[in-house]
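For reference, chains read A, B, C, D and E in written order, and residue numbers begin at 1 within each chain.
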Amino acid sequence: MQFDWQFVAQYAPFFVNGAIMTLFISVFGILLAVAVGLVCAGIETARIPVARQLARVYIEISRNTPLLVQLYFLYFGLPKLGVVWSAQTCAIVGLGFLGGSYMAEAMRAGVETIPAVQRESAYVLGLNGWQTLTRVVLPQAVGTAVPGVVANVIFLVKESSVVSAIALADVMYMAKDLIGMYYSTYESLFLLIVAYLIILLPISLAGTWLERRFDYERR
Amino acid sequence: MTDENTIVDRTAAPAATGSTQRSTAAVAASDKATATSCTVECSGFEIAHLTKRYANADRPVLNDISFTLPHGKVLVVVGPSGSGKSTLLRTVAGLEPIQGGTISINGQVIETGRPGTEKAGRSKRSTALRTRIGMVFQSYDLFPNRTVLGNITMSPILVQKRDRAEVEQEALALLERVGLADRRDAWPHELSGGQRQRVAICRALILHPEVLLFDEVTAALDPEMVREVLDVMIELADQGQTMMIVTHEMQFARAIADKVILLEDGGIVEESDDAERFFTHPETERAQRFLHTFEFDRHR
Amino acid sequence: MTDENTIVDRTAAPAATGSTQRSTAAVAASDKATATSCTVECSGFEIAHLTKRYANADRPVLNDISFTLPHGKVLVVVGPSGSGKSTLLRTVAGLEPIQGGTISINGQVIETGRPGTEKAGRSKRSTALRTRIGMVFQSYDLFPNRTVLGNITMSPILVQKRDRAEVEQEALALLERVGLADRRDAWPHELSGGQRQRVAICRALILHPEVLLFDEVTAALDPEMVREVLDVMIELADQGQTMMIVTHEMQFARAIADKVILLEDGGIVEESDDAERFFTHPETERAQRFLHTFEFDRHR
Amino acid sequence: ACGPSAATPSDAGTTANGNTGAATSATARTLDEIKESGTIKVAVFSDKAPFGYVDKDGNYQGYDVYFAERLAKDLGVKVEYTSVDPSARVDVLTSNKVDLVLANFTVTDERKEKVDFAKPYMKVALGVVSPDDATITDVSQLDGKTLIIAKGTTAETYFENNYPNVKLQKYDQYADAYNALLDGRGDAFSTDNTEVLAWAKSNKGFTVGITKLGDEDTIAPAVQKGNTTLLDFVNDEIDKLADEQFFHKDFEETLKPVYGDEVDPDDIVVEGGQL
Amino acid sequence: MSGAEILLQPGVFPRLLQGLWVTVWIAGVSVALSVPVGLLVGWLMTVRSRVVRFLMRVYLDFIRIMPQLALLFIAFYGFARMWNLNLDATGACVLVFVLWGGAELGDLVRGALESIPRAQYESAYVLGFTPWQTFTRVILPQALRRMLPASVNLATRIVKTTSLAVLLGVVEVIKVGQQIIDANRFDYPNGTLWIYGVIFLMYFIVCWPLSIVARRLEKRWSHD
């Protein structure tokens, strides 16, 4: 079995398109996940009564079911109830639904590791609630939450590979497509790995950099 | 400002910086900014019938505590672990709601106890009022995301809206006095424990608090660092800073105290206005037993 | 066994339990199990020209340290932070390789320094030899996955292959003496810091070590707990247990020490066989300065 | 026996067996080896009624399966079915996951390079099915529209190569593709005309507007390249079965209930490999 | 609502359960095999040799960055052609999940080993324990305790990720669901919603108890 470099060169552009789709879905999915995470983490740390229970239920459902099934449900199941969302919408909502719980946990952990004495110091220094949040709590919480959040970003970008199941042309879709049409499994998988490395390595490196940047103990 | 021996240099405090600043070394008569009907007699700090309970606890942690602390004096609170020393300081600082009694400064009541507030969270007192009471904790209380200077200047700039340049100048003067002028741009994690606590003291001092609270500020430090910090506190006492100190260093307590309170199970067991006498000839049997814990007899 | 005042009750030690067990209270002449050529003169513990360096350090942490500690005596090591006190105890326990000098017990050399071993890791000395030196650390050294009794009996059963029933009986006797007989089945996390340290002492004692090392065992404790632990140590000293103690509690040091060493920068600055004299009239200026750190003068 | 019991009785052997022999050669098994093992591994569709599907009782059924059962019977072995997606049909052979593919596998030149086809047993062209209210009757109507297809089918290659202006929406599985059409996610769905005809019959509101598109293709069993012993056996079988008009019987049993009388068996069935 | 009746069809539920069993089987075997692999990897991550540690780091990062789906394709199709190593779909899934679970678990083991205070090793040393006794009686029991909650969470993730096996043609719960949807699409056009809904619930019912166990363990053991 010969490795066909020409095939690789010829179809690399497809993977560029695929990567754009992967990024599109991931970026919006992750933004949604961060937003959902922020809301849930906020609700949990502020201990808002009923909302807190709801957030818990959501987190349990989201964490304990696979994205593929969530997507099938959104894409093929919901239309039976008369709700037809486009594949993009389903993918972004699905990723946000899954990622929201993971982000919430990472952010909550970030806030909870801040010693109580930090808020108390702010209190005796006369800072008001908003000042305490923005000048004392958040700057530190960002630092402690960054590793978890970055790990989740990588995890979600990877998870986005299942959106090909609902006909979205991401990199995984391209790979399966080329395998199906031209039977060049080998070359397609190679391109797939390269594509993911190109997308994820910078994220991984940026994560390490961010971790340093916000770690006041080490920079 | 060149007097190396003066930690709290009153001339360094700017004249017109709003009602939240007050002179502590001077007697209350010169305390023009205070809006209360305070006279010379009521100058100082007073706690009356203070009662505090934690939620889900069967009995109060602090039960009907009353005492006064005249302006410029140092009160040391001692007592066994769990007797309520930290809780007492925390209620004064407004960190814990109280369920009975009052806390007043210079005759002005700043906190009134209300039953059923066990779960109420921190006191809602105004930020201006809060800055009149300073507090230094056992440890980890510098903000790790600010430099030394940033930690000290944060509250005057943000809360008191004072001028940055002027605040920084005062901060530097304070740092100089605790021997840390060269560390102004260091990050907290780059400092030793003793240095951190000295910065924390500066951070409290820059607000010119009327009372300064210290809760076992040296408990986590090595002996030499303990000394660095305690020396600063002794100097503050000499300058006439009103202070409430919780400590387990009996030698130090004896050296710095004007007044001593022995707490046990949330009540005052012995109160003495003659600190020296308390440490040498305690009146109650409980105080004798307590102090004995810190004495060792040559064994053979 | 009914004498409540005796911590190390020699009658509790079973007669025939192999060469790793030895009597510590008795003089060396009665130390039948020892296989060395020891006489009355060399009984005790000796360090000669000990040199220790850490990898990548430009100078040794311990430099040519020599001293002897006679059987049944208590040595207290004091000195500023970073002077090498902990390192000294760790080399004796075999936790750090040494690069020069010797460590001997009762005339038997148990460790010889070799240059170039900076990165060698812990000493390869036999387990039998290791159990002859006991050590208690600052904290966190009980095994959290074993109960109090399990912690104490683990080594005698596993290492010395002693009979479980007999070991448990001795463990209970020891627990009784430190006042913890009722906590035998508790887990370490259920104990207070002071209780944990007392269990750690029992765990070391059950091996009947010839020397017992203590590295700031009360540094993380509340005053009353400090007292509980130090009282146990003083009682041990009274029973004739040979000990090396690192502490910052000068009052306690003064009460317990037979012999004192002041370390600084890895060298002995002052060594005194008269502990009382060291604390009241230190000979060197450095020792005076060091001791002064722990004294406070009444400020006004 | 320790393997997971798969979803269907006829499927049970597949995974269990596969686990025990986790690492075997990727070179195909010869006819003798297959006989010796007592089972032949056949890849079929499991969601493409009426050609290859799993019925309500969990058994594999369909035109392809009917043929597979016969082959196994004549070979004296049991069948072990593997469910495949269209795009996996070549890979399961090249990586020797199965011995034989009987999954509506259309013969094309590209595929011939990768696998060996036996004689055809069916013929098809492409068909296009679309909703009644917007029926596509000509390919030109598809210009700029969205066409649903299943990955790895001849339809995919055909439209990719000949109609770049048609937007393709590709699914891994037929079930997904049909669902997408039902939910109105595309304007039409194209695959083998036999398949769309069958589907449109049982789904009200959908019509096959284009019944014959592209060249008439044949469908044949496939084996791994170079597996001549198995290939010869299958070819012999196809020749032999012509005598008893086996595939017409197959049609009667499996396709007729769906197509009814509207479709002439001779439009679909190929006997003895003779077009 | 007529679609709900599809669930009452004879054979539907038992078949879905059979499919679920395949899912659980793959996940179970993978988790079980991940444990020894993870222990080994975790140990290798803490050895002194920089080369070994670097290789382990590369292994972990590669596994973390590659989507499981890509790894599954490589194991299923790639290995067969590259090295003539033929795995069936289930085998490929187990292989990939073990490689992945082993790497993640190894990292947990490493973290747990490194979090054990040095005083624990040193206490064991001065009490005369051999290195093996120290490891088996003192360090490992504590390390296992510390990593158990996170490991249970990892197991949940492995269960969820088995949903990708369908793309290799494994007839697990999702594929069974699709077959049922297909076979019933004439009688129950709304079956899709119900079948996927049931599968959704099934995953939840398998994973949720694990999550609860993890949280309980975390709370119970947080104090030591």
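In this section, a contact is a pair of C-beta atoms (placed from the backbone, for glycine too) under 8 Å apart; a residue touches a chain by one contact, two chains touch by 3 or more.
In UniProt terms the chains read A = Polar amino acid ABC transporter permease; B, C = Glutamine ABC transporter ATP-binding protein; E = Amino acid ABC transporter permease.
All of these numbers come straight from a predicted model, not from anything done at the bench.
Novice: Considering only chains that satisfy the touch condition with subunit A, which of them also satisfy it with subunit B?
Specialist: none
Novice: Could you run down the chains that neighbour subunit A and subunit C together?
Specialist: Both subunit A and subunit C are touched by B, E, going by the contact rule given at the top.
Novice: Among the chains, which is located farthest from subunit A on the basis of C-alpha centroids?
Specialist: Ranked by distance of C-alpha centres from subunit A, the top chain is C.
Novice: Given the two chain pairs D-E and C-E, which is bridged by the higher number of C-beta pairs in contact?
Specialist: When C-E is set beside D-E, the one with more contacts is D-E.
Novice: I need the rotation angle between the copies subunit B and subunit C from a CA superposition, between 0 and 180°, in steps of 5.
Specialist: 180
Novice: Mind checking the centre-to-centre distance between subunit B and subunit E? Centres are C-alpha means, answer in whole Å.
Specialist: Whole-Å distance between the two chain centres: 54.
Novice: Rounded to a whole Å, what is the gap between the Cα centroids of subunit C and subunit E?
Specialist: 48
Novice: Could you work out how far the Cα centre of subunit A sits from that of subunit E, in whole Å?
Specialist: That pair's centroid distance is 20 Å.
Novice: Take the average of all CA coordinates in subunit A, do the same for subunit D, and state the distance between these two points in whole angstrom.
Specialist: 38
Novice: Mark out which residues of subunit A touch at least two other chains, giving numbers and ranges.
Specialist: Residues 76, 165, 179, 185 of subunit A touch two or more partner chains.
Novice: Among the residues of subunit E, which are close enough to touch at least two other chains?
Specialist: If we look for residues of subunit E contacting two or more partner chains, we find 77, 81, 167, 189, 192.
Novice: Applying that definition of touch, give me each pair of chains that meets it.
Specialist: A-B, A-D, A-E, B-C, C-E, D-E
Novice: Touching subunit D in the complex: which residues of subunit E?
Specialist: Interface residues on the subunit E side: 9-12, 15, 18-19, 21-22, 24-26, 76-77, 80-81, 84-91, 94, 167-172, 175-176, 178-186, 189, 192.
Novice: Which part of subunit A faces subunit E closely enough to touch in the complex?
Specialist: 1, 60-61, 63-70, 72-73, 76-78, 80-81, 154, 158-159, 161-162, 165, 172, 175, 179, 185-186, 189, 192-193, 196-197, 200-201, 204
Novice: For the complex, which residues does subunit A have touching subunit B?
Specialist: Going by the criterion above, the answer is residues 115, 117-118, 120-128, 131, 135-136, 139-140, 143, 216-217.
Novice: Contact residues on subunit D for subunit A in the complex?
Specialist: 86-88, 90-91, 94, 110-111, 114, 148, 151-152, 156-157, 160, 169-172, 176, 179-180, 182-185
Novice: Mind listing the subunit A positions that touch subunit D in their complex?
Specialist: For subunit A paired with subunit D, touching residues are 76, 79, 84, 87, 164-167, 169, 173, 176-177, 179-183, 185.
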